[in-house]
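As structure tokens, the structure follows; a few thoughts come after it.
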């Protein structure tokens, strides 16, 4: 029992970094996903192809490879130093999940029934008004459950930043384990429980959104 | 440190050797997950509510926590567990860790496939007086499995991209070789770029293939087809 | 007849290799009530979708209020219309769809108010007042805060009509507005259209399979077959006393009670 408390206190030291990486990765990847998803739904061919290229590159390679690339290769190659490794981690996770999530944005926009666009043309709305008032509100409802699932994926992905030396929950777990080898089972079990506790609100959000998305959408 | 084509071409064959391990590990993990996924589905049919509730939260737990930590648990912690604990080599630990993690996703895929089969099919099978086994083998599964094939394919690609996690417990595949090379010569750009390129070369065509499959199955199994037949 | 409000001149429309309209010439007078009948695939719906600018013609011209729909004047002669021009010309046209196409994320009232506020820049208060009037008119004054999913098909279609009416169109297009409804709900929708027709000041083009309804409210019936207008005249002539074999054949698919009286 004592060791559970002791280990938990050690792991708590890492929660700040995990939460910072999680928070900024969610913000950035959401913005990227919306911009990229709208670009891919646009009729501007150049914008469309360029965004498609970005999406395929980041979906086609592995997040952990991207993470190492941003933290080891990028600084050397372009002499870009992202200040600290935390930004390399956030950037890699955001670009990776931004690419994945842009596909739900694009898919949801495409899934809104064509009759909705026709009705808004018949009411003489402009292209921008059609997107803002009719298509996007319905598309967003459709994407929410999957968005929730991706938030959980992002939480899991934050554990990778320990590999580039950031002091997150897993990092402190590893440190503790390296000096208390026989306590490894309890250490990693507690690390898992920490992540699960952080995931619970995201799981609840996803469940709620599944209910919300069933209402107020005309599927195409 | 700048980009060097010389280094780039030098590391290609080195990384290429790791590709077979990456691919082999992907397939091994995938097969494990495909089989183990059914196992969750079976456990979910045990007629004991408390047990099913436990299974539900166990899978939720596995799904919502980082596979990297699960990998560490199996590799570093499992040998220390009293009585049942055994030491595993990195390769086996990776198969177990990633395999179990993704089996929870695959069981959801199976479930969605089964739930998508029209209720009328069950009723028709009952009306024809088929046995439980016949119902599953002749009526339900032949309709439930094909529509899930694109999703199953997608998970193969997703797992392929998760396999480099195994380098953290010492499986010497592409990423591990790249990092070794980097540490030895302090040249990371080229080997890591080569690894990324290998991933892209393998996963992009596979993704296109799956998109094609998806369209094919959507045509065959759209709602109209199912209700009219 | 006074100056037509809509003019089709040699309009052709193809989808891929299939030519759906093979040269349509048609004038619609202001306040005229026109019923479009014909077998499915004859191009009825395409005629009104062209007018609503949901499709563009492969060749030929369409004018509304003397303005070319799909082409605008520029110093280089006629050029394809841009979005801004289209929005100018289609302001006089409204449409009711077969599948209602209500906005599911808005209440009934919001469905009606959104366009006047954002498209016509009316004040919220006046848009609301007019929306409530129109909803009252279609008999749904007590349902304004419900969502479309809470209504029956017939009620949805009446909301769709109120939504279009709020925009004060000069031409209203009805695309098989009763085809998606359960038989017992058809009457309430036709009743609203009948009332609108009696008011008289709005031109109406109805694509319909309801023969006795067409006979009852239309000033003019067009029989469309295989992409051309085969017959054009008052309903008593076209439906009551058909001349061509094809028209007779088409009408015979509807039970006689549907069109023989009056």
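For this structure, a couple of remarks:
Per-chain residue numbering starts at 1, and chain names A, B and C are given in the order in which the chains are listed.
By our rule, a contact is a pair of C-beta atoms (placed from the backbone, for glycine too) under 8 Å apart; a residue touches a chain by one contact, two chains touch by 3 or more.
Keep in mind that this is a model prediction, so the values were computed, not measured.
If you draw each protein chain as a dot and join the dots that touch, you get a simple line with two loose ends. Note: the chain lying farthest from chain B is C, by mean C-alpha position.
Each chain gets a centre from its C-alpha atoms; the one nearest the centre of all protein C-alpha atoms is A. Ranked by C-beta contact pairs, the top pair of chains is A-B.
Each chain gets one centre point, the mean of its Cα atoms, and the points for chain B and chain C are 53 Å apart. The centroid of the Cα atoms in chain A and the matching centroid in chain C are 46 Å apart. Note: centroid distance chain A to chain B, computed from Cα atoms, is 20 Å. Counting partners per residue, chain B has no residue that reaches two or more other chains.
None of the residues of chain A touches two or more other chains. Residue ranges of chain A in contact with chain B, taken from their complex: 56-57, 59-66, 68-69, 72-73, 76-77, 152, 155-160, 162-163, 170, 173-174, 177, 181-185, 187-189, 191-192, 195-196, 199, 202-203. Interface residues of chain C, counted against chain A in their complex, comprise 52-54, 83, 87, 90-91, 93-95, 97, 99, 101-105, 114-115, 118-119, 147, 149, 160, 163-164, 167. Contacts from chain B toward chain A in the complex involve residues 1-3, 60-61, 63-70, 72-73, 76-81, 85, 160-165, 167-168, 175, 178-179, 182, 188-189, 192-193, 195-196, 199-200, 203-204, 207. Of all residues in chain A, only 113, 115-116, 118-127, 129, 133-134, 137-138, 141, 215-218 touch chain C in the complex they form.
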